[in-house]
Each structure stands twice: as C-alpha cells, then as structure tokens.
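Below is one structure; the comments refer to it alone.
The letters A, B, C and D name the chains in turn, as written, and every chain counts its residues from 1.
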Amino acid sequence: MSTNEKELVARSRLVDESGLKEQLIRIFTQWEVLLGIIFILMVLFFTGRTPYFLDWFNLMNASFQFSEKAIMALPMVFIIMCGDIDISVASIIALCGFLMGMVADAGGSTVQIIVVGLATGTVAGLINGLLITGFRMPAIAVTLATQAIYRGIAKAIMTEHAFTRYPEGFGYFGQGYIPGTVIPFQLVLYLVLALIMGFILHRTMFGWNLYAIGNSQEAARFSGINVQKARVINYMLMGFFTGIASILLLSRILSARSNIATGYDMEVITLVVLGGVSINGGKGNMGGVVIAAFLVGYLKFGMGLLKLSSTVMSIVTGGLLIVAVLLPRLLDVYKQNRKLRMQQKSMVSATHGHEVEHGKGE
Amino acid sequence: MNRKNFKETVNSTFSSLLKRREASLVILLLVFLVPVLIQSPNFLSLENLARIFNDMSILAIVAIGQFLVILSGGIDLSVGSVIAFTGMSAGMVNEAAPAVPVPMLLMISAAIGLLMGMFNGVLVAWGKIPPIITTLGTMSLYRGLTFVLSGGTWVTAHEMTPSYIGFPRIQFLGISVLVWVAIMVVIIMYAFIRYTRTGRAFYAIGGNPVAAKFVGVNEAKTRFIVFIISGLLAGLAGGLWTARYASAVNEMATGFEMQTVASCVLGGVAFSGGAGGVPGVVLGALFLTMLNNALPVIYLSPFWQTLVEGLVILIALVINTVVDQRKTARLLAQRRVKK
Amino acid sequence: QGAKQTTREKYDIVILVKSMGNGFFDATHTGAKEAAAELGNVEISYLGPTQATAEGQIEIIESLIAQRVDGIAISANDADALIPVTKKAMAAGIKVISFDSGINAGGRIVDLVPSKEELIGRQQIQLASELAGGTGDIAILSATAQATNQNAWIRWMHEEVKNHPGLKIVETVYGDDAPDKSYRETNALLNKYPNLKVIIAPTTVGVLASAQAVKDAGKSGIVQVTGLGLPSEMKGSILDGTVKQMALWNPIDLGYTSTFILEALISGKNTGAVGDVFKAGRMGDVTVEANNVAVMGTPYVFNKDNIEQYAAIF
Amino acid sequence: MSQVILEVRHLMKFFPGIKALDDVHMDVRAGEIHALIGENGAGKSTLVKILTGVYTPTSGSVILEGKEMKFSNALDAQQAGIVAIHQEASMFPELSVTENIYMGHHLYSPHSRRLDWKAMHKETRKLLDSLQLDIAPDTLVKNLGIAQRHMVEIAKALSLDAKVVIMDEPTSALTSREVEDLYRIVRKLKEEGKSIIFISHKFEEIFEICDTYTVLRDGRYIGSGYLKDTDRDSIIRMMIGRSVDQMFPKKELVVGKPLLEVKELCQTGNFTNVSFTLHEGEILGFFGLVGAGRSEVMRAIFGIDPCSSGSIMMDGEIFSPSSPGVAMARGIALVPEDRQKQGLILAMSISRNIALPCLASLSRHGVVNRKKAAAYAEKYGSQMEIRAAGWHVDADTLSGGNQQKVVLSKWIGTQPRILIMDEPTKGIDVATKAAVHEFVSEMASQGMGVILVSSELPEVLGMSDRIVVMHEGEVTAVLDRADAGSENVMAAAIGEVQEAVR
C-alpha cells in the first residue's frame, strides 16, 4: 500500500503542479463563475448604454418578467437532474389558468382560486409522473402528448372565451410589492423558493439521491433508492410549482385564456440548461440556474430598454445558449490538452531512462 | 423435417410481421378509421386521400429527417425554424429573380437548409453540445435570422412566379408533384438507411455509442451527417412550403418540430435511439394528418383538435410501449423454458 | 422624471403591435412616421413580440415603463390581459391608447377603432351576400380564437346574417394567422360543406390563404372568398378573380391618427374624455365617443377596379 | 520458433492526470496464445484499445508484421487484421445478430453499391453453425442471454478473418461449459496460425491454454516469457510485487441460528421452487451455469423483482421484500453482478458512492450531514484499500477491480446481517480476490450470513460452508462443505439431480 500511496501522490502532483495559471483556468471554467462574469459584463454594457438600466426601481420591476419562469425552473432542475424532461409545463399553466378562472368567474374567493391552482398543477404533474414511471415511457414523448392534452382541455372548454373577473386583492401576488418597499412579492417568493429547492438538492438525502438517479437509474435502484417514487415526486413538484407560477401569471394579467404562456416550456428548459445542469442528468447545481434566470431576465430587459426588436432578442438568447455551453467545453479541452502536454514533457527524461534499462534487459 | 422447416418459416414470417413496431400503429389507425367512415363514408375517397397525401407530404419529409436524428440518439428542435428561413429565402429569391427555375429554387433552399444543419452538426459532433441544447439554441437563432433576412415583411402569392407556386400542384399520374417529391424522399431515405454503411451507422451510434467506436464507426462524422440530412430535408421542405401555401411569412412552421417529433413517436421510434424505421415514421405522419383531416369530418369543433391529438399520441405511445414490453418479456420466458 | 425633459426634446412614442413581420402593422408604422414628420416633435419606435401573445407584449410594455416613454399605442393580443400593465404604465405618467385591436376600458385612455365593430361586421355579411347572390352557406375563417377585434366583428356578423334569410353561417374556424393552418382549415371547410358559397376571412393572412386553397381546389368562382385584407398583399387574388371584393380601412391612416392622438394627450391638448375632439392632421377631427372609443370611418371596399391604385400605397 | 507478428515498443498513453501506459513492450508470435497479465488498472484494456485503434497512443509504436501501424479508428485496425472482444459490453441490443457481427464492415453485393443482406445472413448462419450456436441470424440481440451475446461477439471476431484476436476477459461471464467451447475455438484459431492475446485474471485458464505471457504493473512493462518456464507464484510476484499466501482463507466457524429461510420461491419464467436456509455466520455458496437463475433469486430476495409465489422468512417472520429499501431495512445487502450498471453510479465520486445506501443514517430529518458522510466514506473506503487519486474522483475513472472494491465498501457500510454477493470476484485480480475472500470470511466470522454466488467452482468450494447448486431455475443439490467436490457439484449444475442434503 505504501508504494501505491507514493504513486498516488506523484500522480496528483502531476495535476496540480502548474500553479496559478492552472488554478485561474480552473476557476474560470466553472460554470457559475462563467455565468457570473457574463452577468457582470452584461450589467456594465447596459449601464453604459442606457440610464434606465441601473435603477433600483427598474431592476426590481423587471423581475416581474422572469419570476414565473424562474420559479418553474427550480423543479425543472430536479427533473432534468434525473435525466427526465417536462415539455408540458406551459400547458399545465393553461389548464390551471382555465380552472382558476372558472372558479373566479363563479365567484370563488382568492383562497379557493389558489387552492384550485395548486391542486390542478400538482395533479397534472402527478399524471405526468405516473404515466412516465408506470408504463416506463420516455418523458419527452409522454409530456409531448400531455402538452397537447392539458392545453387541449382548456381550449376545448374555454373555446375563444377568457375569464376576466377576479376577486379584489387577487392581483397582489403577481403585481404587488412587499409593503413599504419596491420589492415585488414575486421576486421574494422566488428567492425563498430557490433557497428551499437549493437546500433540498444540495443538502438533503432526496437531493443527493437525484444525482444518483440521474447518473444511473438502475444503480440507484440497486442502492435502495426508490427511483420511481422520486421521479413521481419530481413531477408533482413540477406541477405544484407550475401551479404557483400560474397563480402569479394569472394574478399579473387577470385574464385566463387557453393560449396563455405559450412557449414557456422551452424558456424554462433553457434557463436550466444555461444554469449548467446536464441535459443527460446527474450534473449541475441550483446556484447556476438562479444566476441564469437573472442573466436571461435582465438581458431581455436591457435589450427592451434599448428598444431592440424581439428578433434580436431571440438571436441573442439562442446564441447565448450555444456559446455558454460551448465555451466551457472548449476551455476544458484546452485544459486537458495542456495537462497532457505537460505530462508528456515531464515524462521525456524518464522515458529515456527506461529505454536504457530495457536495452540492458533485452 | 422439411415440413417442420416450412411451418417454422411460415410461422416466423407471420410473427415477424406482427412483431414489427408498425403493426400496432396500423391497427390503431384502423380502429380510428371506423367511426370516421361511419360518419363520412367518402373519407377514403380518392379525392380526399389525395388531399391527405398532399397535406402529409411536407410533414413526412421533415419527419424522416427528424427520425434520423432521434435514431442516432438526439433530437432536432430547429427544423421549424430551418423551414422558415429556407422558405423565406426561396420566396425572396423567387421575387427578386423570377427567372431562376423552380428546381434551382428548391436546390437553393435545400442547400441553405443543409448549411443550417451543418451548423447544428458541427456543434453537436465536434462541439459536443447535446443535440437538444444545440437545436434549442438554433431554433431561436434561425427564427431570428429569418426576421433579419426578410426585414419582417412577407412574400405573398402575387410576388412569386406562377411556375413556382404551381410547381407542387402539377399533377403527374394523378398525383401531385409535392407527393412525388415526398415519395422519392421516402424511398431514397429507406434505401439509404437500409443499404448503406452510413445508414447502418445511424443505428449503431444511437444503439450503443461505445460499441460503435469499437467497430470503427466515426461517431462525430455520423452525427454530423445526420444533422446535415435533417437540415437538407427541412430546407427542401421550406422551399416546397412557400410554394404550397403561396406565401412566406416569418412565423411559418412555428411549432412544426413538435409535429415531426409526434410523427416519430406515433411511428414507434425509440427516444433512446437505435430503433425504428422509415415506414413507421411515414405511417405516423399519415396518422397525424388523417387525424387533423378527420376531426372536421366527424363534426368535432376545432377547439377539440389539440385535445384529441394529444390523446391519440398518448394512446399510441402506451400501446407501443406495452406491446414492446410484453413481447420482450414473452421472449425471455420462452427462452428460459426452451433451455 | 425631471431629467427626462432635458434629455429628450421629442416625445417618445411607441407603436406596439400584435407581432412583428405583419404587413398590416408595417403600414401603420408608415402612417405613424408620416404623422411624426408632420408634427415634428415626435419620435416613433415600432415594437412587437415575435409571436402574437399578450405575454410578449406585456414584457415590452414593462421595459417601456422603465424607460418612461411618453406614449404607447397598442394593438392588443388580448383585451384584458394587458390591463394591469397598462394601468401601471398610465400610473407612471405614460399615455396609453389602443388601436386596431382594442384594450378594454380601464386599460387605455382612448381606443381608436378603424371603424365601428358593428359596421365592419355588418359590412362583411353584406359583401358576402352580394357575392352569394343572397342565398347559401357562409363560413368564417378567423385569426386566433382570442383575437379581440375579430371576435367582436364575428359577433356582429351573426347579428347581420339575421337580416339575410337566405344566408347561413355554418361554422367559424381559426387559422391562427398562419398561412398553412388557414390553408388547411379552408380545405377542411371545402371538404365538409359541399354547398359552401362564401368564405369570410377577416384577416389578411386568412383571406390570402383561403383564396389560395380555393384556387387549388379548383373552386375559384364557385366558392367566393372575401374578408378584410391588405390591398398590396391581395392584389394577385383580386386580379385573378378568386376574391371579387374585400374591405379594409387604411392602416396608414390608423397609425397616423394614433400618433396625433398620442401627441395631443402628451402635450395636454386633449384629455381623451368622452366628447373630446382630436385634431388629426389630414384625417380631420376625431371625436371620442362613449366608452372612450374614437372611430375613423367605414372600411373601404376594394375590387378589380381600384386595387392597383391602393396596392401601391398599403 | 515462429516469427513475431505483433510488436509493441515504448508505448505510452496518458489520460489527463494519469499515465495509463508507461513504456510498454510486447511481442506476439504467429500461432501463439499470449496472456496479458496484470492487476486491475494495470493498463491491459488500455493497451487493447490502442491495438484496436480505439485510442491513439501518446507515443510509441505498434508494429504489425514489420510495418509500423498508425490506426486512426477501429476500422483501420480491423482491416490491418487486429480484432478484439472488448471487456465492456459492445453490442447493439436493438439490432439483429447478423448486423451486430457485420457492423462497421457490412458486405456489399458484388455488382452494386448496396449492402447484401442475404449474403450477410448466410455468412452469419455459417459462423453460428461453426460455433454450434442455435440462434437465428435475425434474432435481436436484446433477446439473447449473456452467454449467447458473448458467443456472438466471438463470432464477430471470427468473421473478420484476423491475424491477431484479442480477448479481454472473455470468460468472466461464462461458466465451465461455455468456457470449454471457447477453449476449443481459441485452440482452433491457434492451429490456423492466428495469434491470440488473452486477458484473464484466472490463472487456471492462463496456464491451461496460453503459451507466452507479458506482465504489466501500473502501466509499466514488467516482464515476459514462456508460461512453461514459470509458475503461478512468480507471476503473481511480477504482477503485484509480492506473493499472495492464501487464496481461500476460510475460517472454520460455528454456524448460528437460521437467519433467512426461503421456501418454494417461484418467479414465472425464471425459477421455480427454490428453497434454502441461511444461518448466522454461514457462507452459503451458490453455484450454477450462467442462466441458472441464481441472480434472479438474489434479485428477488433483495426486492428488485417480484416473486410469483413462495415465502421468505427472516428471523422466523414472514418477510416480503417489495423493494430494495425494504430489504435493506431488514439488513440485507446485495453486491450485484454488473458493477458498472448496477453496482456503481459511475459519474459520481467514490465517497458519494460509498455513502449512498447509508444516507438515511447519515442524515437527520432528511438533511445530510456532509462531514459525517465524508468521514464514513473514507472509513469504509480505506478498509477496502481502494486505489484512486482521491475520494472525490469519479468512479468511472477507476479500473474494474477498484470499482468492485467501491461496491463492496458501499455495502459493508450498511452493516447488513445478510450479505448477498453476486459474482463478487468477477474480473478482479488475484490480490484483490484474496482480499475479497478474506473479507467474506471476516464478515461471516462476525456473525453475518453471506450468500456467495459464483461461477468459479474453486471459489465456491473453497469458501462455502454449504453449497446450493442450481440448474435451469431449480435447486438440484444442497451440499455440505464436507460432501462437496467438483464432480458432484458440476453434475448437479448440469442437471443431474442429487439427493438434497438439507
């Protein structure tokens, strides 16, 4: 064992030898750091271009635009972490919106509306989860179908109508501020939820198990983890959080239609991926996703301030996604090649030594 | 001895027919046709069939490209945007240079699609970015570029040449050119994946990328080719789309990627990669098109269309999965008994 | 807010449309620019989401609030969903009006409608009645199911059809302002209703696509297509006879008038109260009616004889 | 003496941070069977991957028939005449046997540029026949058993008409009968003048069929020679730098009271009427041919798959393992047979892997105590002497043997009362194997009930207190240590029913 240990030390030294430069590269190839840098650059850019960007009130207000999607991104992290995906979330919003709108229209109280929203979301998520785990069907195919089904229900029953009557005070969730401040209620809610979900992912058994499941469902099962239960819970959480998002959205626009929130699913997935969660599961963290939510949110807001057209925005977000995923990968390749080159260099002398020995042996 | 052999052959031929993934889809399609035909006996009239084939052609072309990507273990979410960009390009070229002959026009749009697929392919194959992320990015990128290209304007029928608009409508042997193009694509792609090494490589990298490497399949190159083909077919479809609908607008084919994915799902293509076939995908596209065509016929309000479509996809999915699992389980049990 | 006055000597007015890349709205932009040139103290921005959603418009309005523009004219994707955010904008001192596709009262100061909804709806049926010779089946191909303006017109079409005992509206379908969907929906209509006489498509994309579908089905002249369409886009179909006549107001005038109204509101010349009269340049006077709605006039009818002339303009 | 056909000179292969191969030499002659020997992680598989063009070497040369080779991919190597049966599963489950054999080098029909499926099926039929395999060429590989899959891999290697055939642990998934078949094939290849590089951790088979050997240690060349000139002990010394004294350190123990009683357990299609009893402090060996259904029985006891009938009792109480969690709560642990797929979370750190099944006891109210978890992992990991660059490295960078050690650590940590080990020494080197055996004895002496499923007869005979033999899903014999010999155990394994002792 002692020789082994020496060998180990030697090997590990080989890795760390290069000092500061290597360390800097390591830090800067970390996803969150990279995102953080992009974020700061973005803030600097917009601050230079428009006086309205670095304005406390504006920055707070801009969060209305992304809180809902950011909230949905939280449980989406869990789902993608497990190697699953959910492309039905926008449709779940439509379904929740429809039922909440109907309850409101029938004179339901705020509490009743909220309960309906959360319950509908959770049930819709549960159905996704049960279909996926029960029949062992791929998540993307199942949620492709439920994407049509959930919105389809809202469409079939609401037809072209909208529900626009809501009780007094319902608008607070999506439009209100924490009393006495300019901080939107939504933003605070998001940060609280992000803390909770981050804690669950990184500090609890459930969260640790998700990493295992994402890497190998079978091995996780053989380790005593109830994989299917965890996945169903994920989908229920997704549904529940989508319920929250739908309450916020409905409260913000006070109008439930069947085509509400179109395209949200892809935006939510983009946030998660941009946040550094591996689409194949098993890798990533919550911090990155939170940064990504702010990054994309303020990027759009800043471009809006510059009156850039939505076209430019879609090019920028699409490009950003690709660049942000490509960049660390290229840096990684560079890093590995450097390491190999250095190893090679350090081995040249040693190899020559060996050769001599062998010459003798043969 | 001989007789036994013969019987075995017949049995195995028959059961291998039943075993095909497409079988359950065909059955589902028949089940679905019953109420439609009761409601409207001439649903399967030649005239209506021609309409259905016309409607499914573009879907089938793009769905086959999508199929190859899914087969190799990926997904292409950018096809809708590629159609928009190439369709817009074709329309604008036609408007600016009416002298350019139609086949040339289609080649231009296919070539542009190929380039866009190439971009996806480079990112996936050598950038090692997972396909779903790459194409999620290029989906909005290409859509944005479409707006830039067109400056936000439309190209409408009277700005295009009659020969271009007329092209997909030309009848040949009672079938429109649009359908002929689709038939050709189907045949070529079927032969391509069945009778070429490259085609088999798609199955290899989708089924087991590590093993593929062991037998010398170049994974990066194969992935690249897959995206090129998907782009090429989407580009071709873009050129046809503009002609068929006689207009090129910036939002064209929004959400079309989901239709192509749905065709593959219906056609029994495995999302894990490495399994599925062209016939299934074509059937899937046919089913989806028939569904859309049949709903008005059975007097279902258009508001119900999304719901019914979703339900059918779900049912097909469940049937596909359950049949497949049963089959595997039965084979395993049989094997053990035989031993 | 004080800083604003010093940095900007021109009023910052935004034309916010349903979605980018729509010829109709591009024409309103042209009109707005024309008005800006006449007024001299106005700067126009032209914005819209990539897809016609209320959420997309809300996002844009939020950023407009943040930069304290002076006025916004909106063609709304949803009559209600925009109200909270436009209220917020108005509370921040921004003058908000809607045009073309309105926001419900409370969410804007004035709603500028190209023509009375009732007029438009009734006119569509009258056009159809002429084309059908007074009897036959009519189908409607609308834009999205949520479109405020289209839905209002369709309600009036159903009213008007009661005055034409020979006519019957058999179905309303939605092409979502997408050419391919509109085309297929038309096909389905042709297939389902063999006795169909007229298709009314009160949206440019719809009327274009259904004209093409009718042509392709070889039913030009058997099934008539009419509706509301931009002359420049419809020229082809009108000249070849698939669409004998259709109507529209001038979107240039719409953008032009909107700009004048906003300028008057911002500078305090007008308040937008009921009975208020806006001076709108070459368009003359526009009066605010009940519900703070300002009306421009009857849609103009286009046919073979006048299409060339207007196609060159919008 | 025949001429050297394949030479390896000064071969180096670096992975970031790891020297997998460091100046390796090897000479393989025509018509010989050359054993490549080394501990887990010595670099054998890496060498194979370089020889077959899967990896490119950092430096050094591969010389085939006097010509220096530069393979850019596996196809190049195949065409040059080097083929391999790799250690990892390398099949395409959704494709047919024919296609698995011909993937990468499909046959074209002579006159056109399309693939000739008829010819390929025909050739496949021939190959399968020559291997006496009764499989239809169009069977999908996912419907084949492990052993059959292996035979198909062999058929694939044969189809290429290679000069050098490399077999990386080909026997680790086979049992006696298939191994005999394999020997037959290997010898036949040898007679045809082909060279075979044979990698194995089983000395019996190395000495039985190989002629020459090369030993690697830590990626370095240690020595080579003729097997007839050497013996097991000296090879072991070359491999690990010391000798291994005792292979089966079985402790004689008093067997305690019954712990686990399985009665008439059935699972449709997999096994029927399996009954046995496991006592405290007992090592119960399970022997059988591949496909005998041992793994299925173990999976059922651990709650992975449901049973159709029968009963399981623990401590005299009926116990129904509805999920692994339930089984674990009762003190059952399973070291599964496929460590890569079932045993480990490959992309997770060693320490997290070890802590995984025990997270519940390492957390309060579901919140993990991270310090405790790290300490825990280190404790059990160092007990098994895992060799790695650190506890934080991912399990997939470890060699097979070290991976197995991680799996073992992971399960000792749960302090089970019943430890089920399914092929725990499959593919691991002698030193580790001895360590595992040592460990098994130690566990049993502490009163744990151990079930040792193994396809290696000496291991089962050497380690077990009693041996359960299975054949085609049924128990054909239960033998006491004293009564068990290789003949009667083998006889039971191939289906000759013996009187059950207990």
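Here, a residue touches a chain if its C-beta (ideal position, glycine included) is under 8 Å from a C-beta of that chain, and two chains touch if they have at least 3 such contacts.
Labels paired with UniProt names: A = Autoinducer 2 import system permease protein LsrD; B = Inner-membrane translocator; D = Monosaccharide-transporting ATPase.
Quick caveat, the model's predicted, so the values are computed rather than measured.
The chains in contact with chain B (Inner-membrane translocator) and with chain C alike are A. Among the remaining chains, those touching chain B (Inner-membrane translocator) and also chain D are A. Using the average of C-alpha coordinates as each chain's centre, C ends up farthest from chain D. With centres taken as mean Cα positions, chain D sits 73 Å from chain C. Chain centres here are Cα averages; for chain A and chain C they lie 39 Å apart.
The mean-CA centres of chain A and chain B (Inner-membrane translocator) are about 30 angstrom from one another, to the nearest whole unit.
The residues of chain C that reach two or more other chains are 20, 50-51, 145, 174, listed in rising order. Within chain B (Inner-membrane translocator), the positions touching two or more other chains are listed as 143-144, 147, 152, 270, 303. In chain D, no residue touches two or more other chains. Every pair of chains that touch is listed here: A-B, A-C, A-D, B-C, B-D.
Note for the complex: chain C touches chain A at residues 3, 14, 20, 45, 47-51, 53-56, 58-60, 62-68, 78-85, 88, 144-146, 151, 174. The part of chain B (Inner-membrane translocator) that touches chain D in the complex is made up of residues 12, 16, 191, 194-197, 200, 203-204, 207-208, 210-218, 270, 274-275, 328-329, 331-333, 335-337, 339.
For chain D in complex with chain A, the touching residues are 10, 12, 14, 16-19, 22-23, 25, 58-59, 218, 221, 241, 302, 304, 323-325, 327-328, 334, 336, 341-348, 352, 356-357, 359-360, 363, 366-368, 370, 385, 387-390, 410.
For chain D in complex with chain B (Inner-membrane translocator), the residues that touch the partner chain are 52-54, 73-78, 84, 86, 88-95, 99, 103-106, 113-115, 136, 138, 142-143, 145, 268-270, 291, 293, 472-473. By the touch rule above, chain A contacts chain C in their complex via residues 50-52, 55, 58, 61-62, 64-65, 155, 159-160, 162, 164, 171, 174-175, 249, 252-255, 257-263, 300-301, 304-305, 307, 309-311, 314.
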